[in-house]
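Shared between the two complexes below is subunit A, which has subunit B as its partner in the first and subunit C in the second.
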Partner chain A sequence: MNKLSARQVYFLLACILPVGKLILLPARLADVSKNDLLLPAALHLLLQAGAVFCALLLAKRNMSLFEMLEGTLGHVAACVLQTVFALFLLFAALLPVLEQKLLVQSVFYDTLPTIASFAPFFLFAAYACSKPLASFGRMWDMLAPFSLAGYFGILLLSVGSADLAALAPTGAAGASGFFGGTMSAFAWFYDAALLLPLLGKIDYTRGMAWKGMLFYLAGGAGVLIFLAVFYGIFQETSVNQLYAFTATSKYFSGIATLGRADYLFIIVLTLVMTFSCILPIQGAIECALQAYGRKRWLAIVLSVGASLVFLILVLVLDYRFGEILAALSGVLFWIFPLFCLALPPLLLLFGRNDRARA
Partner chain B sequence: MRARKFWKTLPMKLYLLLAAAVCLYFFANDFSLVDIQKTAIILAVGIDKAEGGFSVTAQIAAPKGTERTTGGTSSVEVAAEGGTVSDCISAIFAKTGRVPKLVFCNLIVLGEEAAKEDVIAHLNYFLRNDYMPDSCFLAVCEGSAGELISSQSAIDDASSLAIEKLFSDAAVKAGNVVSNTLKDFAIGYYGVSGSSFLPYIRTEEQEGGGNDSEEGAAASGGGEEAQRVYTATQTALFSKGKMVGLLSAEETLAYSLLEGNVFTGTFSSTDGEKPVTLTVMKNEGGVSLDEKKGEVKLELSLTVRLCCRGVTATVEDIASDSVSPEILQNAEKLLKGYTERLWETCKACGCDLFFLKRTLYRSSKKKFEEEGEGLLAALTPKIEADVFSMK
Partner chain C sequence: MKQISGALQRDVAALKKLLPAEDILTFPFAAEGGTAFTVVFSDAVTNKELLGEEVVRPLRLLSGKPSLRAVKERVNFSEVRSEKSLKKLAEEILAGNPVLLWEGAEEGVIVGTKLVFVRAVAEPPTDVTIKGPREGFIEDVKINTSLIRRRFKTGELLLEPVTVGRRSKTIVMVCYLAGTSVEETVKEVKGKLEKIDIDYIPDSSYLTHFLSSRPYSLVKQVGTTEKPDIFCAKLAEGRVGLLVDGSPIALTVPYLLVEDFQSSEDYFVPSYRASFTRLLRLFALLVAIYLPAFYVAAQLFKLQLFPVKLLLTIAGSIRDIPFSPSLEMLLVLLVLEILNEASIRMPKYVGMALSVVGALVLGETAVSAGFVSTPAIIIVAFSGIGLYAVPNLIEQTSILRLSMLLVAGSVGTYGIVLLTGFTLFYLVTAENFGAPLMAPFSPLVKRDLRDSLIKYNLGSLPLRPKTLKSPNKRRLK
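Take a look at the complex of A and B:
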């Protein structure tokens, strides 16, 4: 079986996972934490980096998540937990899918778009999620340069318009701003949880855990730099900029002459986001396959079923995004740390670490 | 063997094809097709106060030739009244049957009466519209914005195009006009300073300016409409969203010089009794607020390097291109006076034009909480104007 190489995992951590944090998160953080938006984001990145370190240490055991759970808790409990974890990943996928839909319809369409303009995404998700994980590794290889080009292109066009002094004074939003921002951003930080379905499929190499953590922090630094530039440009009006990464580069002086040439970078990053936002769905299907048997037909049924469910959710929740966002970053925020911050260290401490004993 | 390889690589090929299809659908942007017969492409918007609400005048690009133009951009103006700006835009949709498209709107003009209220209520619709470019110019005009937008420019096909040219980079660098955008105005409004500025537009009838298409106008039975030119040398000051004062052309120049971005701008001074025109060839400006020693101190400083044009000069003077010490002294006095007047006007109307409260807030929140409210009234700036000859 093809395994994910260290390079592919590093690309995922540094170039693919951070892009999903450039759409709605900046405006959400600016709304709650004002000019202190970097502080909750930095805290999340540090916590996630620790969880990523734990998850990559688990990869050293060369066991899948299900094998670890089964070895520790028995088959039935492992099936139940694996199913719950898969449901969590589907739950976590809701926000990026809705974000992606709103982004595509608002930014790439001038007139009133229909759901049909976003429907191909589900076709794509149904196909991609039925594929083995190794194919994703190859995609990450291809997408990483695109991600870097898109990110640095947008950053270069944006940084000149930013007044970074707007981030001062540090701590102005107070404890409520910091904790409120931290709480409301949990829905965007579940990166370590996305590594758990990959366990057993990662070709662990020496030092991969800490190297992976450093790659994740490098990607996180990119997010922090973007947040600083974003707030420097929009300051008190940041809350109004829902699709952050599409808005910052348009004030570059050459844009007035050339037209929206920055769309090239925006399109490239959106393409990477399309792949990044199906990662939780793909992870959920992988978890189900680990628990209920790796059968081709089951992968297809689950993949098509999950895509259909998301299509229906997008149709039903079309005008309820505000409520969804309020729920995910409000009353339901605790679900995210439970699975992505608590689970990797718990598995590391209590999970069985050899297949024979399992 | 080849067939086996084909079937093995087929999923990846399909995957790439599907990804390409997604890209095509996502980024097609309706294949950039805009049905101009169903769309009202709004070039500029004028907002006035009306009884019980607003009156919005939209200048709409007309996709066919009219008597107003023989080429270039032709336009029609449509006005509507309503309780909110959003109501007015909907009414324009109802009147024209065309979907109002704001993506090309590059100018919003507020009428004088509308500017005396909290204008953010008028601008809210545009600020929160995903399709409205927040880099569009924002201005106030003397009298009615609707009349300004509907007036016929002497130098351009559409009034909005002529007005936008007043805010070009070259015009702003000349120092005689300032420009502001919807985004920057909103940042000023929502920031701790709660202040901002907008260029103030006046119109003048063009002497001897007739209608280009007199025959067309006569044929359609319409009278000849006076052609107009526009100026924006004055600057409207805003505090808490309301227009609270007006800077003269000289004070506007002083503000531009303090911002330090004037190049090749001119101003008039005197050489004894004779008037001279001085050209700013280099300009540096600075506004510094120092709160480190317990007391908050403000310094407004400007440095300009000048050359003298438009005077009777000897060949030697032309060769040396230097400005006499007397002219420099007069110019220094003049610019210092403009700057003092600028400060007094801002202070009198409570407009924090230099964002001093914001500067204080960013450097010391505690100090801002103590002194921020009465900061403008408490400050007496040290004003410095250094004027040099270019050679």
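Take a look at the complex of A and C:
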């Protein structure tokens, strides 16, 4: 159980990573890009697909990220860069954790609960992040059918209420809508960066980079379809539907008699999201372990430490989500493309010695 | 190690010194030729009639100075061995096999006239089937071995005894099909058995602790069965089985969680029916674990989960209940667990009274007195029935159900989600004897899905499960 199989990586790309884009991203894009919300999302998906392709090509070398950096830049520089990358992943994890918290507090409770209701998440994160990466691979095997069932369940209940004509005419939001949407969505698209800590642990098979990219695009197509249905249902009021995937299905005619049967799918997707939003934290811990030695106690200390830091951050930033979102899509937006769009191709270009060694 | 000296009196005295217990008897007699013999045996576990008729009577007719070979030939019994070591002879006497000594003997002769009290082979109460074999294992390892041997008339079936327990000297029969089971698994099983240093093994369940990679885990890691047909089917798939003397429950490794959703009957009915039943079992198990928890979470934190009409009914029922929903559910669940425990342990003739007390007094009266609500009783009843759809997992699921209820009462639906995530994560990381517990779902083994929760026709299952890594892959040609 030491390596991640190609299938597990495909499941991650097609079924686990897209789920995190169904909470706040649709409302955010609808706010900035209006009926053109599909365009910035599609652009991001294409860019990420390219980066995913590069990251999976790196997996061919059967070397960890740290080994690649060390081979090119030396030990000290590799340690520094690896630490910076780990910090980036922790930074990237902030949004999904806060999203998850807001979703949980709004969707699973009639009245706003205390932060204590979300606190067990950090206990879970501390446990899960101390486990080796291969355990996550097995979890993706397990979660893929859950993710598909949740996604298609929600979509089936929602699609009847959608008026897809609301998406026309394309380009109505203009260039500002497109670029504004693109900029504000960077914080949700860092999927290629999540593959980098997995390098050296992936059991590379022939054609994996292409297939991985296609699986990622398939998952991305799922996101685009959902965005279209979401905007088709809520149109101008989409901006108010913050927790998109929990809102689209409630107009299904059977809900009146069955009750909120769609909650079954919402709960299933929340389970998948719980795992997807701890991925960056797990990636950060993996990076640290690669750089500073793989020891069991260190993994436990780091996962407990990271979970505590996030608990404190969530406590401190409880009512500041708007400001955080504004910062992530404004002054800090460049951090994401730097690490997830630039780093994989750079590693491909500058790691020739590694290629020879592999 | 002290050995037989040939001086009868001295040898008998030495054996009596090793076995000072009152039930170790000696029976001296003389042969026609004048040679003095003595049989040393354990009173309670030796078949004395057989000993007299088939051993003593023919030996009395022996003339001249008897040799070891002559004594062995004269005894009318197939199970005859000889041994020099006094300690080993003493062990045989304790096992019920009398030891024959005579003046001038170089070795003691062990005669296998052991007296064994066994119950008849019957259908096990834990695994009743409508179609298919009804035999069940009993407490005697030899009879259990014969039940296996009868089903595999091949020299590939190997039965290797290992003695476990310093005092009980319990025989554990390691059973496997050579060339089908993984050699490393057999070695690992034997290695783990040999390492056990315990004085007494009352049942096979003791061994599961030593065979598990996570002995303190909530989840079981060793398969159990009381039926020889299931046991043999598992051996045929490439597993290693263990029969423990004194226990009707056989063990099999490696164990996969999905095994407990399968019944032997699934293989004797059409595959669509078997698939339906397996899915039904999974559904029943999920209902058993989650229904009380979701009911409490919905009542406490998200009433919107109920349809309006149901919500009105529930609101009417719980209006005057003095307890919080979680406490109410916890109490009813605890009562169910107590009733369950009591009904298993109490004498059968009190069972009817228990049903009356349980169903009428506790159930109906508690509702009419306003202590608990009707929906809570209905939910716990559903959950209780669901639990028994997968009887091999009752211990685990009842604990999980209580845990789910506790997190639902304190954190709500998200608590249930997190505990589910935690449980799944724990399950996918568990493996024993090289097989992941959650296979073939995680890691996904496509081929093995054909006989998991869905069952394909026999013709579509030509290969043994890939998860078990059997060197002999094909079972159907």
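Going forward, the second predicted complex is superposed on the first by the 350 of 358 C-alpha atoms of A that agree within 3 Å, B and C clash if a C-alpha of one lies under 4 Å from a C-alpha of the other, contacts with A are read in each partner's own complex, and residues count from 1 in each chain.
To be clear about the criterion, contacts are C-beta pairs under 8 Å (C-beta built on N, C-alpha and C of every residue); 3 or more make two chains touch, one makes a residue touch a chain.
Because the structure is a prediction, the values reported are computed rather than measured.
Because the two structures share subunit A, they can be overlaid on it, and in that overlay subunit B clashes with subunit C. Contact with subunit C, but none with subunit B, is seen for A:Gly259 once the two complexes are overlaid on the shared chain. Shared-chain residue A:Ala165: touches subunit B; no touch with subunit C. When the shared chain is aligned, subunit B and subunit C each come close enough to touch A:Phe121.
Looking at the shared chain after the overlay, A:Phe234 reaches subunit B, while subunit C stays out of its contact range.
Once chain A of one complex is fitted onto chain A of the other, the partner contacts of A:Tyr251 are limited to subunit B, with no touch recorded for subunit C.
Looking at the shared chain after the overlay, A:Arg7 reaches subunit C, while subunit B stays out of its contact range.
In the superposition on chain A, A:Ser106 contacts subunit B only, with no contact to subunit C. Clashing C-alpha atoms with subunit B after superposition occur in a single stretch of subunit C, namely 291-299 (options considered: 75-83, 219-227, 273-281 or 291-299). According to the touch criterion, the shared surface of subunit A, contacted by subunit B in one complex and subunit C in the other, consists of residues 104, 108-110, 113, 117-118, 120-121, 123-124, 127-128, 131, 135, 138, 267, 270-271, 274. Those residues of subunit A that touch subunit B in the shared complex are 104, 106, 108-111, 113, 117-121, 123-124, 127-128, 131, 135, 138, 165-166, 168-169, 172, 234-237, 240, 242, 250-251, 267, 270-271, 274.
Interface residues of subunit B facing subunit A in the complex, by the touch rule stated above, are 11-12, 14-15, 18-19, 21-23, 25-30, 34, 39, 99, 101, 103, 127-128, 130-131, 133-135, 183, 186-187, 190-191, 361-365. Considering their complex, residues 1, 5, 7-8, 104, 108-110, 113, 117-118, 120-121, 123-124, 127-128, 131, 135, 137-139, 141-142, 256-260, 263, 267, 270-271, 274-275 of subunit A touch subunit C.
Within the complex formed with subunit A, the subunit C residues making contact are 297, 301-308, 310, 407, 411-418, 420-422, 424-425, 428-429, 431, 436, 438, 441-444.
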